[in-house]
Structures are given as C-alpha cells and as structure tokens.
Amino acid sequence: MTDFIRNNRVAVIGAAVVLLACIVLTLVAGTDSDIVRKTTSILRFAWTFAIPLVLAALVGVIGERSGVVNIGIEGQILASAFAGFFVAAASGSVWIGILAGLLTGMVMGAFLAWLCVRLRMDQIIAGVVLNIVATGITSFYYVQGKSLPSGVPVWEVPLLSKIPIIGPVFFRGGPIALGTLVVVVGLVFALFHTRWGLRTRAIGEYPTAADTAGINVNLMRFVNVTMAGLLAGAAGAVLSMEQSSTFERGMSAGKGFLALAIMIFGAWFPGRAFFAALFFGLMSGLASQLQADKVVNIPQQFINLLPFVLTLIILSVAAGRVRPPAASGQPFVKGEGS
Amino acid sequence: GGTAAAPAAECGTADAFCIGLVTDSGKVDDKSFNQSAWEGVQAAVKAIPGSQSKYVETTDTKDYAANIKQFTDKKYNVVVTVGFLMTEATQAAAKANPNVKFIGIDQFQDTAKVGEIANLAGLTFPEDQAGYAAGVLAAKLSKTKVLGQVLGMQIAPVEKFAKGFEAGAKSVASDIKVITVYHPAGDNAFTDPAWGAAEAQKQLDQKADVIFGAGGKTGNGALGQVAKASGAGESIFCIGVDTDQWNTVPEAQKCLVTSAMKLISEGTADQIKAIKGATFKGGNVTGKAGLAEYHAFDSKVPADVKDAVSKVVADLKSGALQTGVKLG
Amino acid sequence: MAERILDIEGLVKVYGTVRANDGITLHVNRGEIVALLGENGAGKSTLVKQIFGLVIPDSGTISINGSVAKIKDPTDAIARGVGMVHQHFQLVPVMTVAENVVLGNEPLKGLRLDLSSARELVRTISERHGLEVDPDAIIEDLPVGTQQRVEIIKALSRKVELLILDEPTAVLTPQETDELLAVMKELAAAGTAIVFITHKLREVLAVADRVYVLRRGKTVGEVKASETDAAGLAQLMVGRTVVLQVDKEDPKVGAEVLKVTDLEVMDDRHLKAVNGFNLTVNAGEIVGVAGVEGNGQRELVEAIAGMRRPVKGAIALGGVDITLANPYQTHAAGLGHIPEDREKHGLVSDYSIADNLVLNRFDEPEFRNGPVRDTAAINANADNWIKTFDIRTPSGDLPASSLSGGNKQKVVVAREMSIEPRLLLAAQPTRGVDVGSIEFIHRRIVEARDRGAAVLLVSAELDEILGLADRIAVIHSGKVVKEMPAEGADRTYIGELMAGGH
Amino acid sequence: MSQQRPTSTLARFQSFLVPVLALVVAFTIGGILISLQGVNPFLAYKSLFSSAWFTSDGLLRTLQKTTPLILTGLAVAIPLKIGLFNIGAQGQLILGGLMTAWIGYSLNLPGILLIPLSILGGIFFGALWAWVAGILKAKRNVHEVISTIMLNSIAAGLVDFFISGPMKEPDQSIPRTPQIHSGAMLPNLGFIPIGFPVAIALAIAVWWMLKRTVLGFQFITVGENSHAARYAGIDIAKTIMLGMVLAGGLAGLGGAIETMGVTHRYESGFNAGLGFDGITIALLARGNPLGTIPAAILVATLRAGAASLQFDTGIQPEVVDMLLAITLLLVSIPILSGLLGKKSSEPPAVTPVSKEEVPA
C-alpha cells in the first residue's frame, strides 16, 4: 500500500487537494448553495459522460500495452450495448442483460485477437472490420419497441458517498459505474505491481525478450485482448442499460474512437486515462452549462469543439514525450528477430 | 413495404386505394413522428374498405425523391411524407404528379414562393401551443421554481415546443427559471439517450423539478432518468412530447404527468379520409396539438391546476391567447 | 566417462530451401566449455535456439540430462536447467534491471510482485560473479557492455546446468571480454556446462575445452582446444587455407575529399555519441575507423550521410559544406553510402532487385521520362549490375527478399558503386556476409579507391580494417583517439586503444 | 503491394478472385438471412439490382452515389500506400462540400467561372484539412488516426456552426445554406452524372501515378520502409504532407461534386458517413486505387437498391450494412486468400512511419 501511494504520488496528492477543496467549499458556501449544487451537477455529468470512455480507453490501454492496437472498440461497445439491452428485454433480467453485454464485448475481443494474433491480420484493418461488422449486425437485427424489464439498481458506497460533492458523484451509481472505479484502481495496481502486469508490459514492449523468458507471447496477447473485451462490454452495457434504458442504432457515436484519443492523452497509463476522460466529460458538461446559463456569447459549437482542439494541441506539444508501447501494432512471430 | 395488407386490387386500378408512406431518416416504429404518421395511415386503412398501404424507410436524406417515386411509379393514390426535411422533395413530387395526393407532415407551404399546390396538404401543428400549455402546467407543479428542458436538435418543431414551454412557464411566474439545453449538434442529436439522461440529471441536481424532454430518443433518455430520481412522481415530474408517451416510454411512467402532443396520427388519418371522401383541399392544414391525458397523475394534479391548464388550452385554441413564439 | 548433460543426435532444421541444421550430432559434458565455430549462416544460432526451445527441430533428438522429451518452449528449457544469453539482447529497454532479470520467473508476495527480493537476487548474483550492475537502472540507459552483464545475470538467476552464450563478446571491449571469459571459467569449474558461440578464435582458444565446427548445417569437425591453434581452426571452418589479406597496391593519395571538424552528434536517446570528432579522408585512400561498437560510429556515419543532424561542428565534402545536408543532397554531392543495417536502410525487401538497384537514384534523369519511371532503363541497369557484381538471382524482377544475405549486400554495394562516388562511406560492409562475398566486396572497395574515390571504412572487425585500410583512425567515446598508417600497425596496440587505454 | 513486383498471372488471378469469391459467399450468407425473414432471396436481389441498374433514374442515382465513394475511397487508399490511415476523409469531405456551397451561392458569376471556382474551393478546403493532420504527423509525430478523428469532430462542429449561423439560409429553420446558383450546378449527361467519369478518371490517374511515376515510387517507398526511404533521400515529411493533401483534395472534391451535382446546397445530414464509407471502400479495394471503382459501385448499388428492396419485399434497408460487413470481413481476413494461395493477395498493411524518420 505504501509503495502504491509512493508510486502514484501525483494522483494521491491531487485527490487529497480536490477532497480538501470540496470540503472547504461545502463548509464555506453551504451544502445547498448554488455553487455546490452546480459543481456537483457538472461533475456528475462529467463522470457519467466519462464512464464508457474510461472503460473503453482501458480496453485500448490493455491492448496496446500487450502489443495489439484495438480500433475496434467502437464496434465492441455498439455490439455490447445491443446485446445487453435486447437480452435484458428478452430474459426479463437486467443482470442477464449486463452479463450478455460483457460476454459480447469479450467474444468480439476474442475475434479481434484471433484476427490479429492468430491470423496476423493488419491490426488497424481488423479493428475497422470489427466496427463495420458490429454496425451491420446491430442495425439489421435491431427491433423497436422493446424495453428494459427494470432499471439497473443504484448503489451507494457507505461512508465514501457522504464526502461532500465527490461522494454522491463517484460513490453512488449503478454497478458498472462503481465497478469502473474499481477497475481503474485495480488496473493501475495490476499493470505495475503484479506478475501479469510485468509480463503484459514486456510483451507490448519487446515480445521476443518475453518469449525467451518463457512467456507465451501470443497466448497472453490473446487472453489480454479477449479479457479487455469485458470492459468494452461494460462500456456498451452502461450506455444502453445504466445510463439510458434503450438501444439506438449507432449508439456508440464515436465513443470508441474518442477513447483512443483519451488513451493517448493518458499516455497509456490507466490512471491518467481516467483523468483524461473526466476532463472530456467536464468540457462537455461545461458546454451545455454555458448554453443553459447563457453566460457567454460564444456559439455552442465552439465550446463543444474545445476538447478536440485541446487534444490536438496537447498531442502536438507533448508528442515527443509520450511514446506508445514499442511493439504495439506488430504481430509476434516466434523465432524471428531473436 | 412492410405491411400485411391483404392482396387487394392492383394499385392504379379503379378499385384500389393505395397509400404509401416515406419516413424521414428513421423507422416507422421510432416511437416518434414516423410511427405516429404510420399509425395514422393504418387507422385510415382500417376505416376505408379495400384500401392498402406500404412504407419505405429513408436511410439517406438524398433519397427522399427516389423513395417518393417508388409510390408514384406504382400509381399510389396517396403518398404521406413525414418530416420537415422532406418539404421540398414532396412539393416537387406533388407538382410532377398532379393525380396523386400528398400529405406532408410538418411541412409548411410558403405559398408566396411555391404557389398553391392543390394536391398537397402541408400538415403542420401548433407545437408552441402544446409547449405553452405544458409550460403552464410545469410552472404550477414546480416547488423549486426551476424547470428544465432537454431537447434534440435545434430545428423548427423542437424550437417551437421549447419556446412555447418557456413562454407558458413565464406566464405563470415571471421569475421562474427554465434551464434549456439543445443537444450539441451531431448526427445523433435525436438518438442520444445517454446524453439526455445525463443532462436531465444535471438539471435535477440544479434543482429543476419538472423536466420537459423533447427530442426523440434523446428526450426519452431524459424522461427515463427523471423517473429514476428519488421523489419522482411526488415532487419531481417529467413531461413528454409528440405522442402520449405514457404508452411509448413506459419506463417514464413514474414521473410522466402528461405529454405535449401533436396529433399526427389523427391529422394524417383525417386527411386520408378526406382524400377518399373527395373533400380534400390541399394547401396548409393545421393539425391539432395539446396535452395528453394525465393517466395515473389525474388524481395527483390539483384540481385548480387542471382547470387553469384546461382554460389555457381552450384559450389558445380559440385564439384568445397567443403564445408569442417567433422563430428565427 | 564424464557426465553428459546435453546430447544431440541427427538434428535437422530446414527453412524453405535452406538446411540450416542438417543432421547435427554433438554432446556436452558437465563442467565443460564447448565452442561452436562456423561461418555466418552455418547454423550455430539455429542449433542453440532449438536447445532453448525457441525453434522446434524438424527431426533428430536433443536430450538434456538423459531425458529426450521434446523441448516445447523456453519455459520448458529453463525448467530443465538451460539458460541462454542471446546474440541480440533480450531485455525490455524500458524496464529496470531487476524487472528484466525476474521476467518470466517473478518472485511474488501474495499477488504483488516482490521487487525488493528481485533487487536482492540481482545484487547477490552480481556480487558472486563480480558482474557489477545497479538493479534499479533502466536498461536503455545502460551501455551495451552492462546490458550484456544483465543478460548473464538473468541466465544465472535461474538454476542453470547448461548455459548457452550466442556471440556474447561481439559488443564487448577486450577487457569486458576477458572478464566474461573469467566468469565462464569459474562457472564451468563449479560444474556448469557452457556452449559458447563466437567468431573470435582467440577466445575459443582461451576458454574452450572442445570445439565443434559447423559448416552448412553439418558438424564438420570436433577438436580439443588444447590440440589445435588458430590456423587449424580457420582451416576447419572454411575447408581451405584462408587468405585474409587483400591484394592491393600502394594508394595514390589525391586531394582532400572529406573533412570532419569538431563534430558532435546525439544518439537516439539524446546523449552525445560523437563528441569532438576530427578526420580527413583524401581521394585515393581508404581510412578505416576502428572501434568497439557503440562508440559513436553509427552516429558518425549517419551524420556524414545526412541522415542525422549534427549539433556542432562541420562536415565538408570536396570543400562544400554538407553539415546540414539531407541524404538527397549528400548523395547528389557524390557520396555513396553502404549502410550498416542493410535490411533497415539499404533495401526495400518487397521491391524488386531492379528497383533496389536504383533505390536512391530513382529520380535521376537517366531513370525517368518526365514524371514517369523509365522501366526499360531501370531493367537495363539491373541486368548490367547483376552481371557485373555476379548477384546470384534468376531475375532482377524478383523481390530483394529472395536474396541471400551476401547477395543482398552486393545489391547495396553495386548501387553505391554505380554512382562512382567521390566518397564511399562503407559501414560494416561485410557484416553477415560469407567469405566469398567478403573477398568480392573487399576487391570492389579497393577498386573504388584505385579509381580515385575517398573511402571511409567503418568496421567492428579489426582484421577487415587492418586488411583494407591505408590509414587507421581509432575511435573511442565519439572521438578519434589515435590516427596511424595501416602499414605496420600493431593489432594489440589498436585493441588497447579501442578499449580506451593509453 | 509493391509496384514493380512481378505479378504472375496466378497471383493476379487470385487478387481478382478473392474479392469476387468474397462477394459470392457474402451474398449467399445474405440470401440465407433474407430467406430467414421469409422472403425469396432471388426476388430480393432481383428487386435490388434491377432498381439500381436497370431503370434510368435508378442508374443515375447509383452512379451519383458511386462518385463520392470512389473519391473518398481514394482519399483513404493513397495515405494507406504511405503507411498512413486516414480516418479523416469525412471531415475533409464535409468541409469541402460546405465551402463549395458557399462559393456557389455567394458569388454570382457565370458558370464558366463559377464551376471551376466552386470545385477548387472544395478541393482546397478538403486538402487544407488533411494537411493539418499531415503536418502534425510530419512535424510533431501526432498519430494520424487520432488527429483525423479529432479533425472530423472539429469539422463537424464548424460546419454546423456555419450552416446554422453565418451561412444559414435566411427565413429557413433547417440549418442549411442557400441553394447554389444554377451556374454552379453540374448537369447529368443522361443517366451519367458528370462527376462519375471524373471520379473514374481520377481513380485511374491515381493508380497510374502510384504504379508508374517517380512520385508514386516515392510514396510507396515511404510506406514500405520509411527508414530506407529516408536513406534514399526521400523527404518523408514532405511526402506525408503531399499524400495527405492529395487525399484531402480528393475527399474535398467528393464534397464539391456532391454539392454541385446532387444536393445543390449544404444541408445538415446530407453527407453523413460518406467519408467513413471511404474506409470501407479502400479496404474492399484492398488498397488498390482501381479497386475503389468496383467497390464503390457495389456499395452504391446496395444503397440505391435498398428502398426498392423494402418496397417489394419488406426487407429492412439495413440488410445492406449486413452484406457489406460480411463482404469486407471475407475480403480482409486472410483465410479466403489462404485457401487460394497467399502473399500477393494480402490486404494492405498500415505500416506506421516510424518516429525517428520524421525530423522534429
């Protein structure tokens, strides 16, 4: 634990500062003040917006850390949202629906892994194929007039949910929303403090080294990409079941691609991806807030563009410093290059 | 098109009465205007013996004309085109096919520009009136004096609903606050329920206690979210749009007081019957708009509020009251 | 009889038409150091990769400690006491020494990686064998010699009974090599069996107990190291008496062609690799740059060729400043460049041989009609050079990837000669090339000199430098530490200079 | 996919056979799906194809739909040759289309001036938008997949701003520009929209450029081995930018032709997905510029025939997406080509231009 804190000092200090700010703000202005309400509401919007993005970005992080570029996340989200919703409607249980969403993401992950790892197909093209297949299937088999048997329950984490501002935003929510936090922290830990993480980073950086150390590179890539699919499945399920109660054609609306930007923004670190997604959410939340408050006279479109422009600027300024896992995108062929 | 109409006489023959419908980029079961229009067609088919119907769903907005042509080629008697965006395609087709009758839903005919087209009825609805009545109701139900609107794309029908709602609310109490948010433009402005839900939650967090969701699936997402709020149906309410959403969005029943409706089905069916009965006039036709039933909320809405709302509805209809909504 | 730890019978591995291993039979005893010798491509690496489970044999048996069970993968090999130090380092550059050492064999504390015991493990092994290294250093920050140490520590960190070293000394200074040889002896004395691959006969004679010589995938000889000498080993390797001396006349030195002044160049990690380098090369002479790999040679060559921008200093070609010129401009100025890494820089392997023969000349008027490529001229050019350079291929239309290493190198050399360069920059021109091709390429380089070209030869092979160069510049830490005429140069003295002595 | 590699007749046969076989298998699977919906697949296909090809206005519409698809297909295929994956054809196309509309309605010039001016405007803005991604890649090493995704969103926002703000048609509540002057409209030659032969000619020109010219050699060398390209004196940064500018220009031209020949104005939703379809087209064409022609015709046929299909059989138009997905899957995955042979029919690989080759 102490190690963990030491290694994630920035995040820990940042969290402490934010926490303190929230407490002070609440004490000074009062729980029911406009400013506290507004802050809470925008933060909640940001987090809601960010959840599928965080999950999807983590899919990208796991994939690339293992050496597989996944641009099929969009398709995984779409198909999972579809499967989750319709299975829930057909089975009468949102839980079975969520499970179906997760499994769909996983199966598509396995399919991508099969194409990229087994067949050594170009990874970008495999991802595009995945997206188009998902679009085809979900639009053809879409039927109207179904609805969820019930809402997804909302849970509260005792104690934590009582923290001013942050508590009700992050520690109150559906199972996937709460699970996302667990996944972020878990992945930070797993990637940098476990055997799995060490090996995953090794196969994404220098697979032949891992191979000679006795690690089955392709098997591990296959498993990682497949299991990461569960997170893509969660991103889909959260869209069609937790955050709304319906499926729509094209519902993923570019979130899978945005997640890739977030992954890069986060420099392939799960923790940073979390904050990057939150930042995008904040931008989006602020855009509609400014629209509603009519405070500034900037056309709404420009505010909405801000995150994208900022991403471009940050990427071009930081381009020299962020570097992807060296072997990401490259199929591994045993016995070559060693 | 996908209908189960019994094999009847060949369209174009004297015994046949064929009705075709072209959707705006969307499906006939979209729980929104396409569906309402199609229900209107079906109601008419039921009422007119020997009639039959078919639809074609538009996937590319550039295909409006081609999709209309499917029906005119087959000598259909009536072609219903749904949505504001098809105005020009419909007018052109109507001019080219004087023997076919057209019903254009949400399509206002600017007679100064296009002249009178006798075989086309441009069916529009006073959305601002429905919105106004809903706004009055919302303002009267609100304890916090904060209302919210979660809207789809900023296009005429949506804007008329929204401005009407705000005007209605302000007519009750000028200090009432209405939080108004349109979906940030994009191809999914009407199909982004997750955004609608998050936006509704934001408005709830900012003390809004009645939320008007108007924008296809995006609005429905907002309604669904309000229904999940604690106090939904007691101190927190939502209002639907277009059709009686009590039936189409069951997950919102917990908060859904009423819906600001435009009676597309009824208007469509009436026009088709008029065509059959040869009483069809063409030109601009104004359909009906108003509030849906209260359903389960009938007992919860105070009688004085109901009375006030009914009076507003009546006054709007008679012209005694103007919404004052102007677009542009 | 000594205890056999490895026993190989009739091992065969075929790649396409190449019989990389063609019925190899050999054995290794406990505590014994066995050297594998052979020309490039003889099949040494292929052989040891099979022992380590990286390559699966087509037929034949490998028995370890008497068990003939198939070696499925490295895990399997490691479990059976085999350790391997690879010709190309198998270290993850962004990870620490400790992480690399335990990769695949991680100590755990519950779910967590136990990195402190990993560090402890590195420290213990490095102390025991005098292999000094900081367990927390990031691999990519370490010099190659130290990386090599990490490789050895990694191999020793598992229980090894049989240690395989594939050309471990290629990147080491003579001192580091000696240290390594000492470690090997010590390990052998403690009972570890060692298979040692090297091209340096001196090393074989210094440590090996027995030597196997491979040629074209077959074991063609087995001798006790104590019963042979360098000449005998060389004869066994090539199958004939080897004349490494190149026939050449005295140089007719002309005007100054290349002048490098106070050059400073950064490497990929933004460290100063070339640091105050000064050298001139005149027309009609070959100047050899001798040095241990990693002393700035690559960066120097790339800077002269225009592929890397110097941070300081000047480069002039025939009096014209080309310090900041790009490869296009240096080429136009008459620079021919045989790059160190022919697969990466010198060739496009999917392109035809014909296209590769004009790879950097494709837009010369000779090979185009206006905007269109002149295929007839390109093919004629190819036919000409294929014939002149005896490039072994049925057709210039075949992709370069179909060529053997030596022939690939001939394509590059032919192309660079085809412009009749004023300055020929030859970086490791015979690396990975068989003896026949080496002779051929050497002759061509001398011919270019005799035509009046200035030649800068950069090579890690001291013998190549001694054989070809007219003048020798020894490079160490990015600068010239000594210049001398090749005539009568003493190889021991140069070796010491290369290691940073004097 | 190297240009000069001799393609044996067998290999050439395979690279033709794989897509054809993929198509046959995809339509067979599609047929099964259709019959599962209770419809005779032969009837369905007959309805689809006869309406798309065998009526003159159907054919016109098919060719109208083909035109921008060829162009966006090329806009993806060219960068693919340099090792870049241009996801940005959408943004490039819509900006081009918008600018063409703006020129076309705001300048009242005779057609002889207005037509070239409008086209150039479209090309210019498409190229400009792609150039941004190109320069970010070349100078700052920003991955083009990410930058083009961002640029697509930015373009969509800008277009929306303009058509609902400064360029909005007065007295009109739909966000759209006014109609372009009739002088700027492209006519149809019978059932052939004038843009169609232009697109075909450009596909052939691009193919020729890549296959035969010095410039093409330069492009492909960068894509095949950027290290060797740099060694060979090729300016990689310039090649990247040039390739992207060409691509963006083609996508922008697609938008221009769409505006001038079909929609006659810019209206929200008119160009949804055309640029993204370019990715499908380029992949169906296996990166071959000539292949974009049949690929675009296929996609356009399916789209144009979908309405008739629904009218005649009740099958949802989305069956088209399904057919495309299956076809693309079969064309792309190495299995089918593995059955027939190998290598020569491998799909284009996106080999990233490596970082160190791009000077900062």
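By written order: A, B, C and D. Residues from 1 in each chain.
As a working rule, contacts are C-beta pairs under 8 Å (C-beta built on N, C-alpha and C of every residue); 3 or more make two chains touch, one makes a residue touch a chain.
This one's a predicted model, so the numbers in the text were calculated from it and none came from an experiment.
Participant: So which chain is farthest from subunit A, going by the mean of the CA atoms in each chain?
Facilitator: The chain farthest from subunit A, judged by C-alpha centres, is C.
Participant: Counting only Cα atoms for the centres, state how far subunit A is from subunit C in Å.
Facilitator: 45
Participant: Using mean CA coordinates as chain centres, what's the gap between subunit C and subunit D in Å?
Facilitator: About 46 Å separates the centre of subunit C from that of subunit D.
Participant: Between subunit B and subunit D, what is the separation of their C-alpha centroids in Å?
Facilitator: 37
Participant: Roughly how many whole angstrom separate the Cα centroids of subunit B and subunit C?
Facilitator: Once rounded, the distance between the two centres reads 76 Å.
Participant: What parts of subunit B, by residue number, touch at least two of the other chains?
Facilitator: Touching at least two other chains: 185-187.
Participant: Two or more other chains in contact with one residue: find those residues in subunit A.
Facilitator: Residues 249, 301, 304 of subunit A each touch two or more of the other chains.
Participant: Mind pulling the residue numbers of subunit C that touch at least two other chains?
Facilitator: none
Participant: If every chain is a node and every touching pair an edge, decide which shape results: line, ring, star, complete or other.
Facilitator: other
Participant: Using the contact rule from the top, write out all pairs of chains that touch.
Facilitator: A-B, A-C, A-D, B-D, C-D
Participant: Within their complex, state which residues of subunit C touch subunit A.
Facilitator: Residues 49, 52, 54-55, 73-78, 84, 86, 88-95, 99-100, 102-106, 108, 111-113, 154.
Participant: Which residues of subunit D touch subunit A in their complex?
Facilitator: Against subunit A, the touching part of subunit D is residues 33, 85, 87, 136, 140-143, 145-147, 149-151, 153-154, 157-158, 160-161, 165, 279-280, 283, 316, 318-319, 321-326, 328-329, 332-335, 347-350, 352, 355, 360.
Participant: Could you please specify the touching residues of subunit C with respect to subunit D in the complex?
Facilitator: It is residues 268, 305, 307, 309, 326-329, 331-332, 337, 339, 344-352, 354-355, 359-360, 362-363, 368, 371-373, 375, 397-399 of subunit C that touch subunit D.
Participant: Quick one: which bits of subunit B touch subunit A in the complex? Just the residue numbers, please.
Facilitator: Touch list, subunit B to subunit A: 27, 29-31, 179-182, 184-188, 191-199, 201-207, 217, 220-221, 224-225, 228, 250-251.
Participant: In their shared complex, at which residues does subunit B touch subunit D?
Facilitator: Interface residues on the subunit B side: 1-3, 25, 54, 56-63, 66-67, 69-70, 74, 84-85, 153-156, 159, 185-187, 327-328.
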